Amino acid sequence: MSEQQVYEPRIVAFLCKWCSSAGSDLAGVSRIQYPANATPITVPCTGAISPMYIMSAFNKGADGVLVSGCHIGDCHYIEGNYLARRKMKLIMELLEFIGVEPNRFRMSWVSAAEGAKFAKVVTDFVNDLKPLGPQDKLKKAEHT
Amino acid sequence: MEKILDKKRIDDWIAALDNWDIQGPVLEDDIWSYQPVSGAVRLDHPNTKQSPKGLAFPQREIFFKFEQIKGEAPRLTQVVPDEQRHAVFGVRPCDGRGVPRMDLVFNDHVEDNYYQARRKNVAYVGLACNKPPSANCFCLSVGGSPVSTDGLDVQMTDLGDRYFVKAITETGKGLMAAAGKLFAEPSAADQKQVKQVHAEAVAYPQRAVRNVEEVPAKLKASFKSPLWQELAQACIGCGICTFLCPTCHCFDINDEVQSKAPLKGIRVRTWDNCQFPDFTMHSSGHNPRENTGARLRQRVAHKFQYFPENFGMPQCTGCGRCISECPVGIDIINVVNKVAENAA
Amino acid sequence: MPHNIYLPELARIAYIKDEVYGERAIKTFRVEPVDGELFEHACGQCAMLSIFGRGESMISIASSPLIREYKQFSIMRVGRVSSAFHDLAVGDVIGLRGPYGNSFPIDDWRGKNLYLIGGGCGLAPIWPVITTAVAQRANFKNITVFYGGRTSRDIMYRAELEKLRESIDVHLSIDKAEEGWDGYCGFVPAAVMDKDPVPDNAIAITCGPPIMIKFVIQNLNKLGFKDEQIYTTIENKMKCGLGKCGRCNVGKDYVCVKGPVYSWEELKSLPEEY
Amino acid sequence: MINIQDIRETARDMLTKGEVRAVIGYRRGSRGMLAEPTFITSAEQADELVWDPTCFHNLSLYLVHDRKFLAHIRKNAEAPVAIVAKGCDARSIVVLMQEHYFKREDVYIIGVSCEGTGVLDERKLAKHLNGAQASNVAFDGGDFVFTTAEGEKRLPAREVMADRCLECRIPFPREHNIVFGEDKTGRQLEAPFAALTRFEAQGTGARWDFWSHHFDRCIRCFACRSVCPMCYCDECVVDSITFPVTTETTAEDKANRIRWIERSAVRSENITYLMTRAMHLAGRCTDCGECERACPVNVPIRLLNNKMEREAREQFGFEPGASIGGPSLVASFLDRDPGDFIR
Amino acid sequence: MTKKRTGVFVCHCGTNIAATVDVAKVAKEMAGENTVAFTQEYVYMCSEPGQESVVQAIKDNKLDSVVVTCCSPNLHEKTFRDNAERAGINNFTCEIANIREQCSWVHNDKAKGTEKAIKISRSVVRRVNRNQALDAVAVNVTRRAMVIGGGIAGIQAALDIANAGIEVVLVEKQATIGGRMLQLSETFPTLDCSQCVLSPKMVEVKRHPKIKLMTYSDVQEVTGSVGNFRVKVHKRSTFVDPDKCKICDHCTVVCPVVVPNEYELNLTARRAIYIPYAQAIPASFTLDEDACLGLNPVVCGKCKDVCEAGAIDYDMRSQTVVEDVGAIVVATGFDLYDQANMQELGGGKIEDVLDGLQFERLCSASGATQGHVLRPSDHKEPKEVVFIQCVGSRDPAKHCAYCSKICCMYTAKHARLYKKHVPDGRAYVFYIDIRSGGKGYEEFVQRTMEDDDTLYLRGRVSKLYRHNGKVRVLGTDTLTGQNVEIDADMVVLALAMVPSKGTTEIAKVLKIGRDKDGFMAEAHPKLRPVESVTGGIYLAGAAQAPKDIPETVAQAGAAAAKVIALLSQATLNRSPLIAKVRRSHCTGCGMCVEACPFIAIRLEGGKAVVNEALCEGCGSCSATCLRAAIDVKNVTQLQIYEMIEACLAV
């Protein structure tokens, strides 16, 4: 990393296929610019996101993890996002509890019509992560 | 070499060992463990929770790194243990006796480079037990003693306001010589007191494995005994007994991958043990030791039958850790005695 | 550090053959040194094979010590490492260390009749014995091979076995009758009984699934074979191959050092933990 | 006050009549005053049974063992197993039944109420005794009475009780076939989650300092998992290595097993393990405290589980082990579950 | 299994991608992946030549899987999957990495955009590496349908389906079809006679060759799944052979037993042998077993004696019939909220306080009073009638939280009907506000309001009690702020519509979800409003939510269309991306069963088993299972794990 280079948080973004992934597509179609820090992984539903994914992403060095899906009541699978809401709440509480900065994990509802919101969610997340610096609490140490 | 060291001067001794990393017993989170210290060593500890075996045989040892770019041959880079010398203070005699037992295993047949590389840099400064530190000590019955010097480089004996310090090996002499001025010559009274303290220590009542010499034969005869499963029924297979034991040495080797493409990772050795249910499980699913009974039998027989058959001494040194720390009360003394008693 | 006992040499895969397909697939690999020479070995010894990133597995060396150019291994797909082997292609580089364990005292068997009895993947450890004995045909009297698989598709080294028929007796068997099969139908132990091997001046070697070994030995005993005339190998889980990791421990023996070859007489004195 | 003779009588009677095939209970062990689990199968053994403050083990683990490992050596597979269970233990049994691990009729619960106290914390006691050894301990109202070489020593139970017992809300096995002792539900010795609340009052930095220190210390013996009746999985997701694969495990399964963590006992891996376990116990852990007790290096694991328990309770109105037919925490939801954290 | 041979095709999309992503670098990086055997860039991958080159590359390089890094999968996933199939490989081994919408279009910085494009592509390559070749799950379809509930919803659905040539079994609990609509007198907004529109449809049902009508029947058990349900129907005995019964009414004359008539909402009485309404279908009498003196000629036997047609058979037994159908429409309707719950409004104990349906019967020419509005207590014409809206509705604290939707309308209708029957009468309507969305509805209400003798009072009624032979109504007019006290001759409560008892029962039998108010839950409130969460089970009418007849009929038609569409296929093709259990890991804890929104999992022999016909592949089970014992195919936990790894690779 050269001196001028600023720290760029690495984000894993789990997006549900029906809403948030479509929302991010809309952001694209509308050419709304946002930071390139979040790499999306599309899953069928937020309900399909195992808390293990969150732990694993941090373990592998993610600076932030984003989970995004359909608004309550809009889940393509009826109740997947309700189940996710509960699970994500628990893992979030647990992360905070052990002293991981609360801003490292984020969940949002972004519908297929909310391209601008998707861009904003990512932008805000990146902005909130920047002051925190690299995540090294849960990250696997480099093999030395 | 036998000397007297004023208790107040022990920190000076340690300070004088400037090329050494000094490990001493530290009480933290309600448990005693060996940790790096720089002066202010407290030697009023009971047996530490973990034995000092980790210095020569760490829980995690990286053998080598591997790297591979698609289409090319892998590149291997050995990871060699550093040359730091460690002196461990306050090693209890049972843990001291663990050292030669580990040496036997790691040097038998072929020499284990990693163990040796570390082992040669560790000096064990022992502390005799004036009184057995735990209710589950039984060193006497397994050929040890609270004042044994086996495996130690230096033996210290607490004489109240001073230590009686005795070099056992050349390394030990070197350690003492590094701060020769701190030590005084022992007087006749000192000598007498040491004898007295040692005699009392040995006379102190302990729990005991009965007739340890007869145990191998008895165990051999009891291989098929239903007692094993009965005694092991409560065992949860946690392996605490073996992880904490000064002489258990089983391990696992695994590859840990950091990156898939290009491939980057390490091959590591980690502690493992015979109480874990899948330790011996074949890939086919067949498990030669498929229940807790067979696994308890392995642990006990290894300590009290196989090791004696191979090396002429029990592997167990009577530290009592596996007894005190077993969450469900499996008690090796009890097990050995019961099985032996019931042997045909 | 002196020679690092845990550091594998590199070897390149020169040849791969599918032996058996399906659920418990077997592939044969021949490996050559990447540079220099590979170690020498004796019949019955094994080696630790590495796929970096996946791990190591102990595998019997299935080629005769007389062959110096390559070493052969036949690997059944059962798990993490063995599956990774099945994904390899010719030219890929693996790690290799060994040889480990004792070997069949083949030199002591000169002038004797040899019965080689294998089942499934158990042909691999006795294959060097067979091929060495055939190569030194004059040193031995009758050589008889019994080998069985569950079905005709589970028979490994099929072509090689057919070829062997030219110089020795080869009896193949499968568990259940199949169309077009003219060999024996039934389990290996019964196939052995069927041919009535004679114990005089004979040595019997049997490798394969534990249950097969058990019955083969029972049957051999019945035929009058003495315990010291029967040899087998045990394949306990191994990690180091150097008598330290403790996994293969049976009684006072670390099988990777004292075994894997045992006469039935020796094996009987060990606890039954294999 | 529970009279041990009553428990013994019950056990004896059931074994004599063949109503149960075994009784899992406590007996005096060979390590001083400590009790240990026992598995009695004949009426004569009933006199072994004890009930005292050292009966801290959650024996429901052995119901799991019974189904998992011992099924093949059962003598009379039809008859149920009887088990001595405290409040938290009985709730574990309920969770196990909720998760279909066995049926209600497979178990005969001999409930024991923790009445005025709970069970002992060995570590606290060791500090109190200051090197001395106790050879016996008994309940006496709100006190524990110890027999030592220097004579009888009486300590108020709350000074040497396990933390979880101090905070226990329901020290009574509601699910039982027969129960001994009085229901003292509501006896609050300390506010529930008191220790947790104190801990949480600290800032993020302090919390991380605390946890990172402890995560570093874990030696990954997995005792916490092995001793936990809820960790009954045949293969644990985080580390299947120390769990035997089942005979059903295929080559495919083995080859494709996910390595969520590496075997090296280093901080990042220890965290992933312990956090995953805490997640998995959310809504299932009944706070029997066994994991923390078993941990050889005193990692405060219970605090993690406690945190999950409180979140479940406060955010989702969920009580683990409340009823056999009840929902499970992470497989259910309510419309009113909090969602204000979502942007 | 040998190592995958994946081809990666990087699209420039003109400059759409290439301008902000270094496509050559993406291709180069992908070539470094272990499983990638071929990479290629092209300016428009989706163009004809682009696609052709993919096909060629697959064939030439013996590729077994494909990653196209291009635009959103919503656009060209199908294109490239079809393409893969053309090249002879399974279409499920082709995946899209979206580096346009999710990358090039939203990032200007080429270095960062390229880095992200590489991560996205790499993660998809890793995913494809473990994609299984899959075939759509084919399920055979039974070309028959069942409609449960014979109200207007059920009738309409049954007729629509039958008219498409598909056989329908219509199951009705009562002795006649027709449901609530048969109880209405005239219907808003046109005020045409309810029976007049309904009866012809009922007759059509009876006569339709494709409809098998089963009245007086209950659905007992349903097994199977979409395309193939097996339904057990319990047909209670009516003791009267409908084919023989001449509806001559001789039997009722002799029957000595008198019981309240539930069809007339207990406003009148009937005999033990009866016909619910004159227009009942099937047109036959029914013998009420519970009321009859014993089905025994020795005890009574009078009806049997007088029946010239010999239609009465005391030995007729109830029977259980098994019907195989491919789809089910649930149209089990509503009940009115129990008056007893309305303590402050008399709790159902005041004789002259009626509910809306009772009032309908009073107005109905075929009703208890032959169409004369007479109050029950003294059979006099009520001169002052108070109508109260929103009774039990819109009251989350004590009663139902929701709006029953139709009460504003029918109350207006009632006021009008009342005025028609009692021109000199005066009607008061208490309302909270008026909800009259619907074609011609607002006008209908306005007309009622404009009538001088109908007084609309905005406000709630606080109390009702009997007073001097009248019902005293205490309320407030919130518009004037004044308390109102009316001594009414009769009060009509517009009680909330609640799911019928039969709706509650059938939900349990079918194991389909209900919403928080107890109505049948639709699969999606907006996109799948007539489907239940269970595949192959559809919803119609008031069982799903309060609604009026036009809406009911519309929904019934929609449900029928869904059924017809479903049953017009010989086999059902379902996405193969469904859950799969790893038996060795499953402990049978049942959490997945609980979590699955589609009731697609059951426990069998201590392990979870997925019903392939029901699973939608949402993955809720997978994320819930503690042991990762259940995975959705091609989105397995291992795949996601490796994707996470790829996203974070440095």
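For reference, chains read A, B, C, D and E in written order, and residue numbers begin at 1 within each chain.
Everything below uses one rule, namely that a contact is a pair of C-beta atoms (placed from the backbone, for glycine too) under 8 Å apart; a residue touches a chain by one contact, two chains touch by 3 or more.
Computed from a predicted model, the values in this text were never measured in an experiment.
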Quiz item: Would you say A-E or A-D is joined by more C-beta pairs in contact?
Solution: A-E
Quiz prompt | Centroid comparison with chain C (C-alpha atoms), farthest chain | solution = E
Exercise. Averaging the CA atoms per chain, pick out the one whose centre lands closest to the mean of every protein CA shown.
Key: D
Exercise. Return the distance between the CA-based centres of chain A and chain C, expressed in whole Å.
Key: 53
Exercise. Could you tell me the distance, in whole angstrom, between the mean C-alpha positions of chain B and chain C?
Key: 39
Exercise. Could you please state the distance in Å, as a whole number, between where the Cα atoms of chain A are centred and where those of chain B are centred?
Key: 47
Exercise. Provide the C-alpha centroid distance between chain D and chain E, rounded to the nearest whole angstrom.
Key: 46
Quiz prompt | Shared-contact residues (touching 2 or more other chains) in chain D | solution = 237, 245-246, 249-251, 254, 260, 262, 266, 330-332, 335
Quiz item: Counting only residues that touch at least 2 other chains, which ones in chain B make the list?
Solution: 252, 254, 256-257, 260, 263, 265, 281, 283
Quiz item: Which residues does chain C have that touch at least 2 chains other than itself?
Solution: 78-79, 82-83
Quiz item: Across the complex, what residues on chain B touch chain E?
Solution: 69-70, 259-263
Quiz item: Of all residues in chain D, which touch chain B in the complex?
Solution: 29-32, 34-39, 57, 61-62, 69, 73, 123, 127, 133, 214, 217, 219, 221-223, 226-227, 241-247, 249, 251, 254, 259, 262-266, 290, 293-294, 296-298
Quiz item: Touching chain C in the complex: which residues of chain B?
Solution: 63-64, 66, 68, 73-74, 76, 78, 80, 105-106, 108-114, 117, 223, 249-255, 257, 260, 263, 265, 267, 269, 272-274, 279-284, 286, 288-289, 294, 298, 301-302, 305-306, 309-310
Practice problem: Spell out the residues on chain E that touch chain D in their complex, using ranges where they run on. | Solution: 130, 516, 582-585, 587-592, 594-595, 603, 606, 624, 626-628, 637-638, 641
Self-check item: Contact set on chain E toward chain B in their complex
Solution: 31-34, 122, 126, 642, 645-646, 649-650
